[in-house]
Amino acid sequence: MSQKHRRRKNMKKGLPPGSLVYTGHQMDSPAQVISIAYTDTAFEEKHGYVPYLLQKKHGILWTDVCGLTDTKLIEQIGNDHQIHPLALEDVLDTQQRSKLEEFDNGLFFIVHHLKVDSAALEIHSEQIALFAGKNFLVSFQEDPDDTLAPVRKRCEDGFGRLRKKGSDYLAYALVDLVVDSYYSVLDDLETQALEVENSLHSNGALQETKARMFALKRVFNEFRHRLLPLREAVTRLYRTESDLVEDSTRLYLRDLVDHVAQILDGIDNQRDMLANLEALFQAEAANRLNNVMRLLTVISTIFIPLSFIAGIYGMNFDNMPELHWHYGYYVVLAGMFSAMVGMLIYFRKKRWI
Amino acid sequence: MSQKHRRRKNMKKGLPPGSLVYTGHQMDSPAQVISIAYTDTAFEEKHGYVPYLLQKKHGILWTDVCGLTDTKLIEQIGNDHQIHPLALEDVLDTQQRSKLEEFDNGLFFIVHHLKVDSAALEIHSEQIALFAGKNFLVSFQEDPDDTLAPVRKRCEDGFGRLRKKGSDYLAYALVDLVVDSYYSVLDDLETQALEVENSLHSNGALQETKARMFALKRVFNEFRHRLLPLREAVTRLYRTESDLVEDSTRLYLRDLVDHVAQILDGIDNQRDMLANLEALFQAEAANRLNNVMRLLTVISTIFIPLSFIAGIYGMNFDNMPELHWHYGYYVVLAGMFSAMVGMLIYFRKKRWI
Amino acid sequence: MSQKHRRRKNMKKGLPPGSLVYTGHQMDSPAQVISIAYTDTAFEEKHGYVPYLLQKKHGILWTDVCGLTDTKLIEQIGNDHQIHPLALEDVLDTQQRSKLEEFDNGLFFIVHHLKVDSAALEIHSEQIALFAGKNFLVSFQEDPDDTLAPVRKRCEDGFGRLRKKGSDYLAYALVDLVVDSYYSVLDDLETQALEVENSLHSNGALQETKARMFALKRVFNEFRHRLLPLREAVTRLYRTESDLVEDSTRLYLRDLVDHVAQILDGIDNQRDMLANLEALFQAEAANRLNNVMRLLTVISTIFIPLSFIAGIYGMNFDNMPELHWHYGYYVVLAGMFSAMVGMLIYFRKKRWI
Amino acid sequence: MSQKHRRRKNMKKGLPPGSLVYTGHQMDSPAQVISIAYTDTAFEEKHGYVPYLLQKKHGILWTDVCGLTDTKLIEQIGNDHQIHPLALEDVLDTQQRSKLEEFDNGLFFIVHHLKVDSAALEIHSEQIALFAGKNFLVSFQEDPDDTLAPVRKRCEDGFGRLRKKGSDYLAYALVDLVVDSYYSVLDDLETQALEVENSLHSNGALQETKARMFALKRVFNEFRHRLLPLREAVTRLYRTESDLVEDSTRLYLRDLVDHVAQILDGIDNQRDMLANLEALFQAEAANRLNNVMRLLTVISTIFIPLSFIAGIYGMNFDNMPELHWHYGYYVVLAGMFSAMVGMLIYFRKKRWI
Amino acid sequence: MSQKHRRRKNMKKGLPPGSLVYTGHQMDSPAQVISIAYTDTAFEEKHGYVPYLLQKKHGILWTDVCGLTDTKLIEQIGNDHQIHPLALEDVLDTQQRSKLEEFDNGLFFIVHHLKVDSAALEIHSEQIALFAGKNFLVSFQEDPDDTLAPVRKRCEDGFGRLRKKGSDYLAYALVDLVVDSYYSVLDDLETQALEVENSLHSNGALQETKARMFALKRVFNEFRHRLLPLREAVTRLYRTESDLVEDSTRLYLRDLVDHVAQILDGIDNQRDMLANLEALFQAEAANRLNNVMRLLTVISTIFIPLSFIAGIYGMNFDNMPELHWHYGYYVVLAGMFSAMVGMLIYFRKKRWI
């Protein structure tokens, strides 16, 4: 994250607000544009940017831009759709938080499609910006891999409500797709958390478990920091007074708000669980130290006094009568043995061994 | 939990919003439907789905569905009662949070009937969805065991206010039944917490107590995460401006809000108590380590110097005059004994032994 | 607490809402009722329930019920004063949170009179329910000991404003009496906290102090959980739009809100203080462990190497020239002594001894 | 604090609300009253209470009471200025929280002038109550030392805006003086915190630093608990709709709100810093324990095995051929020396020594 | 920080509110003033304060004051622009929190330009005050180094929207410049945090890492405390109802609010990360202690019993038959060796070595 920030700072320093500079992933493949126009009954899809489709009076025009390297094209698309320069700047600056902004001629939505790398416990994020106006929607995907394809497919198939409704429902469908990716991330992370928990309870390798646990805590923190602005944005979308959003769509938006809240719930639940695990881990580590110290103490308490007695009879004084007793050696051995047994019983009673 | 999520993800991926897929417990027994129609004076109960009852002008029709495996039947019931597809989808998706949603023709309520397994410290949840319209109520129970039977019994007996009031009061009575199950769970968990506390104070087996304590913390966290959305939903029901809810019912809803707040209070109280116990546990573990270390130190401090003295007189130098003193051995023994007694007094003074 | 909950659950299971079942302390002595009627100039007090007093046009009728075992009488009193069944149910269910509920014909207030057992650090609570209507007030005390007597005395004496004002002021005076009991509890607990603090600073018996500290934390938590709903209730009373509350009384209610806030402040202050003490306690325990370990280390570091040297010259090799030196023994002794002194100086410098 | 509470409880028990009992510092010197009347051009100051000044139509009358032991005089002043009994009660009860209360005929403000005893780390508080009406202000100072003198001086000198404005500005000037005392306290405490931090970083006497740190945490907690109600009161004063406060004064009140927020900021900053210090302290203590244990382990690991070898050759078996080798002793010495050097190198590599 | 506070206290004590005393950095160089007047098409820049520029009807006059040592000049500028005395006082008192204040004739903004010293982990702050009225803006920079130069340059170049818009946009551009400095600080601190994390994972020098980590936590805390009032101020600017702010500028202000929220997000994320690191650090320290103790225990457990056996056969009893066995020595050696191997296997199994 810090590299990106630093790059942005260096690239944008001294430029006035609204300057278009792309700060995201650098890709070799050129940007791809897919232009779609559909009505309830018709569907037309062209590769490349086809602005004249805008002239059609009826139906929805959806311009889907995959990859943001072609700044000029994006500027042109922005101008054709009268997207405000500040919004266009945000499209290209891929370090934005999720947000909804209302402009006079449309709603501007920034969301992030997430994938989690379960092995490295890292979240990969692709910024997706949507500008939904009357009868049109422009989507900007940071990466060229076509994340929004499932919705385009549904649109082409004419299955469900998508074709019968306006650009607001299309925007909803796209955001819903993105929110679904959060469910995937939550599922994957929950699986990881479960593994850490099981590993801790089975007293496996404590060190690896520890590293994994802290990495999980970190990634849950990051996940939560990504979700909070999304919740704000989705709630604002649901409550917007813009007449772009039809009443019949609002029920679906409420559903969306619910989903985000449900994911946040899941995250908070897992965070509580991990905090609990961490406390358990600390208690376990303290317990292990305690066990180590007990063993040391048992051994020392038994043998140090005995060694001392042996040392006594190893002294070379001329006049040590015990040394000359016939059974002196056996008496001492017996005494040592009794002491040892006594202490073993004592420690057993204290449940140390 | 994570298994369910994952299953849902796989089952629903690529489907448009509003698709009906059941994601809950898989049961062998078929879904059961009980249709009830009642007025102040009459009561009629039929097994199976009897839609024509709807035609009756007077009285309330309550359709109670136990088990959600028969998706087609549920879709038909939904259509007959004009339940919105999004609500129907939520009925089948049993991972919902508790919530209240208002539709034009009715109130849609999702709650969860809880049971706690005191031995395993796990919460079992059954999702119950209610759709209350003018003169009718449809209830969908996830499991085939008839959780809502007590209310049906009260309705049949005509005891209390149930038969005299509308579908809003019926909905209240059902939610109240569910909230009562939370009291049971809280009671059971409080009993467990009390046992853990007693076990800790009686210095019982620290390790088992620890495991139990952390398991309890976990289950209280989960309980709380389940209650928070319920509080929101119940409060919203109390404050709804829908004309489905009569003013005389509102007093009962206020009571319901109170009950949920009381349970939350109890949970927070227990959580504070458990946090306190955990700190006590840590202090206790630290104390035990301290005791172990003190014993080790006492033993070492007494015997290591004495052993050293014995070692001195075990050296084989030709010229060690003390060895040849007649009472040298006794002098040394006496010195050792005095040192030992002195150190014992010192440690006793420091309260180490 | 959990016993009460469980009892309630068992006793009320399956009953419809509004059923009257007493769940509180079981007392042998029967319930006592004192009926009082007063105006600015007159005062009349009768033992037993005297409903006809209600007929009097002028003045205030105060019915004071001590002990709730006589469910029938309470039901009758409720009917006579038109108290809503839900309110009556709450009167008898003594596990309620403090709350204010507004009914059409009066205000219903539940508060708890607290006493603290300083030795056992337990809070004893007596639920007091007030129903204040136009010209009358009914008070229900859980226990037969007459907690509200001071207000009755003031009323009888005609001292202060009580007789000149309406039932709202009487309700205020009663709640004020209860809030005063919270000051007592806070004072007692603060005294206990001060003792724990002094004991900790004087390095007294750490174990007993620890137990006391955790018990105090627990009781402060419980105290706070009891106060939070009271604050809500009192604030709602101050802000109520009911015309039962006269403007001149509102100033007193504001004072009440202030008092509750002040007590909460005191609790939070003490909780912060106890958290601080706990951290201090932990630091102290860590310090003691450190001291123990240092002593062990000093002793071991000094004597283990010296013992080793003594061991060397205790070996039985034929050819060990040092053994035959005339001053060998003294040289070794001197060397050992220097090493010991050197290490003592070293440890002194490190401030270990 | 607890003593005061307890005294109050005992003194006020059984009295009706509004009874005037002084609960503050007991002073030998009698209460002093200074009466001041001023207009834009004139200034008159008399010792003693001069109520007829109230008759003057123009100008502001400021009655400044230092010391609250003369309850009768205070009651008379209260009656003359029509101060509500509840406010008068609060004047005398010096355990009030800071607050603003609006009465029909004036604003009643309770603030606390703070001084900090840097050595003992205790906050000394003097309660100051202000009642500002149209054209008059009465100030009640708990202690006879004249805390408000600087404002009286400024008023006498006619410097600044004080004489040109109304009683609202006078009240502002007095509260501003009090808030200035909070800056002093914050400065002093910050200096103490800085010293603790420096002492911790310079690895000074850990025990004294620890005690100081916890005392500082405690005093910052108390300071914060005193400021929170003040912020509430000052904000309410700024937002009051009372026509006593002129619009031109409101700008100054906004400034006051700002100052309190700034002090709270400073406190929170210091609290975060102290929490950080505490964590650092714990880490430092753990580190020291670690160092101690390492030294013990190094010494033990080196010498215990060597002592064992010496012990072997100290055994008295008849048949131990090594003992009779000519260089046996030297071989063993050399072996011991190598082992010692090897272990030293090993520990050096592990950075233990 | 505390020095500044203390200086202010001493310098301002006893002065009435609104007195102009400079409390900031003391500089030798005199204050510099740059006067700029511009319209859409023209641009004029003069060194020194040129008040008559104010007379020009068209265009914006920007007076930029660098360095605040010349109190008289500042007072004159304040009078010429009718800046309220309280605002002027805040200009000179450089310990202000960021804030926005609305006056009748303009908006007054205090912000802080931050720089971070990455080596010492200290934040250097320069207070910048802006007073934006109709057609004019006065900026006061605490330090003489010209922080606002980039905006002046952009204004001179006529690049972007700056010259086409009013004083509200100029104010926005200046605040935006300052907020950009927060991005720099966040970037630098994130880099430092990353280094600490890497160093911790690579098990580098734990002590230096620890010091660095705590210093970072501290500086993040301070950073956050600086940002919170800025967020409040910027949000208030965005929502102001003052007609000085044109609607077209509001979109840019919304962008500014977003930026501040994004920085706060970044800070919170880093703080969570550092808290996680701290827990990891503690776990690591506990782990190291555990390892040390294990080594000690392994060595002691192996050699102390063996030494005891050697001690036995070093005793000088006359009658110890084993000593005279021909292979006694070898039998004992073999026994010792087996015991040692057995214990090594045992410890290996427990994964201690």
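Letters A, B, C, D and E mark the chains as written, and numbering starts fresh at 1 in each.
As a convention for this text, contacts are C-beta pairs under 8 Å (C-beta built on N, C-alpha and C of every residue); 3 or more make two chains touch, one makes a residue touch a chain.
Please read these numbers as outputs of a predicted model, since none were measured by experiment.
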item: Where chain C and chain D overlap in contact partners, by chain label; value: none
item: Same-residue or different-residue interface between chain B and chain C, half as cut-off; value: different
item: Between chain B and chain A, distance of the C-alpha-averaged centres to the nearest whole Å; value: 26
item: Centre-to-centre distance between chain D and chain A (centres being mean Cα positions), rounded to whole Å; value: 41
item: Per-residue overlap in chain B, given as positions that touch at least 2 other chains; value: 282, 286, 289, 293, 296, 300, 304, 307, 311, 314-316, 320
item: Topology of the chain contact graph, where touching chains are joined (line, ring, star, complete, other); value: ring
item: Contact set on chain A toward chain E in their complex; value: 1-2, 5-6, 8-9, 13-14, 16-18, 84, 86, 95-97, 99, 101, 103, 207, 210, 214, 217-218, 221-222, 225, 228-229, 278, 281-282, 285-286, 288-289, 292-293, 295-296, 299-300, 303-304, 306-307, 310-311, 313-316, 320, 322-329, 332-333
item: Of all residues in chain D, those that touch chain E in their complex; value: 150, 153-154, 159-162, 173, 176, 180, 183-184, 186-187, 190-191, 194, 251-252, 254-255, 258, 261-262, 265-266, 268-269, 272-273, 276, 279-280, 282-283, 286-287, 289-290, 293-294, 296-297, 300-301, 304-305, 307-308, 311-312, 314-320, 351-352
